[in-house]
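Take a look at the structures listed below.
The two complexes that follow have subunit A in common; it is paired with subunit B in the first and with subunit C in the second.
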Partner chain A sequence: MSDNNKFEFTGKQKKTFLIMMVVGIIAVLIGLLAGSVSKQRFWANLLLESVFFTGIAACAIFMIAAHQIGLAGWNIVVRRVTESITKFTLIGGLFIMVIVVGTAVGYHDLYHWSNNFLTEQQVTQAEITEYEEHHAGGHHVGGHETEEQHDNGEHKTNEHDGTKEDHEQNSFNTSEVNYIFTSTDDSTHAASADGLVENPYYDKILDGKEPYLNPPFFILRAIIFLGLWSFIAYKLRRISLAEDLGNGTDAWYMKTKFWSAIFLVIWAVTSSMMAWDWVMSLDPHWYSTLFGWYNFISLWITSMCVTVLLLIYLKSKGYIKEVNQNHLHDLGKYIFGFSIFWTYLWFSQFMLIWYANIPEETIYFLQRKREYNPLFFGNLIINFLMPFLVLMRRDAKRSLTVLTIMAVVLIIGHWNDFFVMIMPATVGADWHISYFEVGMFLFFAGMFLYTVFYQLSKASLIAVKHPFLKESLGHHQ
Partner chain B sequence: MFVSPIREPLIQGHKTYAQMSDDIIGPVEAKPTKMWLAAVTFCGLVALTGFTMIGLTITYGIGMWGLNKTVGWAWDITNFVWWIGIGHAGTLISAILLLFRQKWRTGVNRSAEAMTIFAVMCAGLFPIIHMGRVWLAFFIFPYPNTRGPVWSNFNSPLLWDVFAISTYFTVSVLFWYTGLIPDLATVRDRAKTAFRKKIYNIFCFGWTGSAKHWQRFESLSLVLAGLSTPLVLSVHTIVSFDFATSIVPGWHTTIFPPYFVAGAIFSGFAMVLSLMLVVRKVFKLEQYITLAHIESMNKVIILTGSIVGVAYITELFVSWYSQNQYEQYAFINRSTGPYWWSYWGMMTCNVVSPQLFWIKKLRRSVVFTFFMSIFINVGMWFERFVIIVTSVHRDYITSAWTMYYPTYVEIFIYIGTIGFFMTLFLLFAKVAPVIALAEVKAILKTAGDQYTGEHATHVQHEHAVEHMHDEKKDGNFGTELKPI
Partner chain C sequence: MTGKKIVFGLFEDEEILMKAVKNVRNEGLKITDVLTPFPVHGLDEIMGLRQTKLHSAGFVFGMTGTLTALTFILWVSTANYPINYAGKPYLSLPSWIPITFELTVLFAAIGMTLTYLYLNRLAPGMKPKILDERITSHMFAMTFEINAETSENKKEEIRNVLKANGAVEIHEKDWDTL
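The block that comes next holds the complex of A and B.
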């Protein structure tokens, strides 16, 4: 009985994952070197995969912490697989750090708020010329769209012209009508004594957001989020492994509980902030208070789908016989229920913005509906209708085949969800899903699976001394 | 089903099924006590005062209230949302916690469901009397009529509310009553007089407890639980739409739907605690509503309170982040304007104080929990007041800025609904078991303290309890699994 819990990471599996990574790297290199892929598209894809896979890993920590605090017993046999997923947080986090540092410091087109030029009222003529040359099109494939976005940004700037001064003078002067009616920019480019001219690209809104959206703080936040998550993932895993070898369970159990509670508190704040930072600030003028929770649920569903796939794979190889249909049924219920909850959040965000019809807000969905129409609506069909109709029946949630298919579909679906959140803000209408995107996905998937399998092979697939283990073994419904 | 010995039992005192019936049905069979009579009279009088004030409002019009041209929604809508929120715990406990297999819900679900129904009844009063011409209230229902183009406006979230709340009310009543049927039958079976037997027999639909009855009961419960689950979210979501679909700064924010739902569950649990802590004391049900129950509910309070807290901070942050001066001012006005006390009252009661429940001692303290539950109810009332009044009393046009103060009529209508609510609850507690007897009996074998926990004496499956204690010592819970 104990044999089937010692997972062996075979050479064949290693080879498969390494091939995935190599193929991915080759695809990315071809894209970049052949010149058909813009820098922007590269960074946008790197961001998409980093956030997606790191998010899956971080949600696995949430899964452990939430079940620990909720005193769940059924999931103990599943736990080691979830634990293995959490270990990708650090690796995925390193890629996020590369993006965060790289784009905030060197490459400003991804997070264009990171460009100091946009928040300076007075600049030199040379800086304006440089900026204009950089954005004159042809710089990258998405140039045209980027231009259009800057137009948008500028247009909004004008709408908000005078906002800050008025705010400072009299923050509750509601008779201020500039907000709606001022739309002309009379800057004359007249050079002042020190050679500075009025910056025609000055973005009042971004200037106002600077205390939050600035490169040093942005980097610091990423370090804090990823550092905390990785640290707790490491702690929880270590305690769990130590429990296997130790005697008595209370101490380990209490420690896990302690770190789980800490994680939930941290996650409550960081899960929303990561979404604002890494995804929402790609459209730096746009905001939605629900955005963080929406992102979290999307990642969490994906994380559960990945867990289901891993479990089914392990079972197919003869491992963890202890995990049976009853446990998968529960995961299936989660996926079903939270897919509906995801739709609820999607609808709440969309409907409220659509109904209020405020241009600053609707532009977000307008662009997606126009330029990403099939993906935008496909999102709802894949992530709502499919799980809703397919997973509603009890026997569907207990069928390994149906669960496998649905898990794959939903991973693609939620990847698409992130694609539709990230791409319009970065590459605009010029989006592709081709060898390059697939390659980038394969690279990350290979790396992710390699990490997870490596972790699985390091310990028993069952937490043998967990006080709730026997409840989990006998779980039926 | 194996239960880990580290789980806390949920039924104490080594109860037998017969004892459980005695303990839970006992108060229904006993003569009304003087205390009960006094309480019901008092609450009835309070309710009567409230209805008198409603009468004044209907007679003289909404002018009896403190509303004005700028503040068209205030006290009444605050109370409406507050009551609707309180009405959320019942369905959450009976439907969602059922899905999450939380056994402790059986100790409190009956009263929570009853409370839900009474709270929704109180809530429903407010929009109706706010209409001014109550006699035209039926206009909200779309039906073929001779009024020509005057029909319900389907684009209005206020109309969605009508459907959401009436559906919620209907399903809650059905769910509650379905659960009551076997218990009413037990009351009937124990009845000493023929009259009493007859009455309870009518109300339990002649339940015999046959296998067929139980099978239908189970199917119906499952269907109702399935229907109730989305309803837990939909009702307060649609209430939040009343505000969030507008373009009023402070109201128009996308986080409102889930945040309103979390806040509703938060206040609902607080109200369940307020009532249950009294009920368990008066009816001596401490062995059925144990400290484990109270602790679990307090955990739900930390969870939902923190969700609400994160939402407050998100709103506050995003109002600044938006760089939209109206959004920003809405929040500056909330926190530092003339109604600052309501904002800080809300923050203290809803976000800061529930965090004290992280301390296990406080979580398990009955007295502390009771004060906390009152605190949270006050805080949640402030929350709705903050959202509604502070967002509208300073309009876009400064000349329209004004203050809102409630009149005595409004204040007594509010107090009257509390009296009405308490009267209904007291009546319910007298005629029906306040704990779902059949459901608590169902968990005895897995959560009774003779079967699990430190004082267990019974054999659990094939393993003797002594044996389990040994297992606990060496950390091997009778499984064959060995570490690798």
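The block that comes next holds the complex of A and C.
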């Protein structure tokens, strides 16, 4: 193998990534200190970026595991780049842990189900007052209709007719459900003998979901998911690096196979559950069965786009000449095919809800259509129409320029996809894409790239002793 | 009768064949086709074949399916027999998408299959033109198209080139009587 595969992480690249991170931190600090950015917006952005980048890293583990179990040979020359991406799982995971633990210790800004108050039928008057004080006066969107919303006895029946566009999301859901499921009597504030009164904000649905959606279990799940992913990422990477130094290849190959098989089983369950936990539970009254797969595919496409960009970048710097158009063509096919699969899932989710027309389900799309109109429809155009029309031709998938452009477009597109999933449930109609969002993205992107480049520099860019290397070098189509 | 004839050389090994294709092209002769009993990777590039247009045909078939589905459902559900279901408007695009998608796939798949069969003379009722039975089992053929006006010199050149590059047998057959 030629010696052009010892990647050097130059000082210039380091500086670029550090500057990205510093600029990001400065933007976030300006937003927070100047007071123009609400706490809610900060947490929502942190969640968005941590889930997005951790997901990209975790999907890279899936990429390795799936190809290993599928006995694929073509991707061996690409593998070291994928491996380097997996190493971000742990770092991104730490940020997710900050959010998850923060939720449990009293930051109810993101996951309002974590508030015990909502799932208690009997509470004291003091607790009600405290809750109202905390949630009245503009949680994030002015709050001019909260009084009416919170008064359990006087619900209007036209909640769904679209006249109230910017009410505060949490109380909106709560009161809506009370209206549907519980409030037929007006005897809400009658105190019982032991000083407890009936909780006007009692949320029967959240109470029913409490065995799953409760902070301790929530933290435990996050630890399990991230722990398992990071551990297997570490294992796969270590085995792969040891292979370079070892002699026989069989033992390493079988070990990789073992951990890949275990990972696929774990991933089958955890990929869906992470989406329920970290994204879907932001709207705890709403649920969709295929939400997990939808999230996974979105992240996987992004992960492949990142791989393509890294490969093209490395090639432009004169590294990995072994990776040629045939390998990129295969990745392009994946991106094309899974973009269509993504659309299939998007539409399946949308159409069933549209058809059934049940208010508690349609509210999800209604809110996005009203408050996020350009992003909501832009999502479909960027993530479906663009790859469908541009990447359809063989020449396009073999052209480095077209692939580069489409990879960048799709990374932005799927970031937008997550934005539209996360923001409506957190900041509601009061969304922005400005210096703060860009800053947060830059911070994570800088950190991500620094990790990946550092990992790339640690070993040869080609797994020189992999038993399938020859097949990969001669890959042709 | 077009007077179209095929001169072809039979090869026993794909490695020899690949080298032969390269050499023959370097000498400036135009190869009409190469027939193999199994797919040989990279042969299309060595032969300098252009990409098949089957994809474009597939796109056209697919669009035909899309338009057929959309116009038919549009006509049925708004003009011919409008039914009110779930209080939705007669013209509700989301509910038409699955059928449209299915018909797009159906038209593209069947259309491409039939086109493929037709182009390869495998469609029902067509008799495939097989130069030599052995090409379907273990031998490789490099073919050159000639006609009545082709000079003897040219024919001789083809034969010589084939022989020089490792063809074990050389034949000439009438295309129309195959």
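Definition applied: the second predicted complex is superposed on the first by the 426 of 477 C-alpha atoms of A that agree within 3 Å, B and C clash if a C-alpha of one lies under 4 Å from a C-alpha of the other, contacts with A are read in each partner's own complex, and residues count from 1 in each chain.
Basically, contacts are C-beta pairs under 8 Å (C-beta built on N, C-alpha and C of every residue); 3 or more make two chains touch, one makes a residue touch a chain.
This one's a predicted model, so the numbers in the text were calculated from it and none came from an experiment.
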Report clash or fit for the pair subunit B and subunit C bound to subunit A in the combined superposed model. clash
Would you check which partner chain A:R394 touches, where first means subunit B only, second means subunit C only, and both and neither mean what they say? second
Given the touch rule stated above, what does A:I358 touch, subunit B (first), subunit C (second), both, or neither? first
Just checking: does A:L282 make contact with subunit B only, subunit C only, both, or neither of them? Give me first, second, both or neither. neither
Which partner chains sit in contact with A:Y253 here, subunit B, subunit C, both or neither? Use first/second/both/neither. first
Of subunit B and subunit C, which one touches more residues of subunit A? B
Considering only the listed stretches 20-28, 74-82 or 200-208 of subunit B, which one runs into subunit C in the superposition? 200-208
Touching subunit B and also subunit C: which subunit A residues? 351, 355, 476
Would you tell me which residues of subunit A are touching subunit C in their complex? 347, 350-351, 354-355, 357, 392-394, 476
In the complex, subunit B touches subunit A at residues 1-7, 99-100, 230, 233, 237, 241, 244-247, 252-258, 299, 306-307, 310-311, 314-315, 318, 321-326, 328-329, 332-333, 358, 394-398, 472-484
Please name which positions on subunit C make contact with subunit A in the complex. 41-42, 51, 55, 59, 86, 94-95, 97-98
Touching subunit B in the complex, subunit A uses residues 1-2, 5-6, 69-71, 73, 160, 163, 166-167, 171-176, 179, 204-205, 208-209, 212, 243-250, 253, 261, 265, 268-269, 272, 276, 287-293, 333, 337, 340-341, 344-345, 348-349, 351-353, 355-356, 358, 360, 459-460, 462, 464-465, 467-471, 473-474, 476
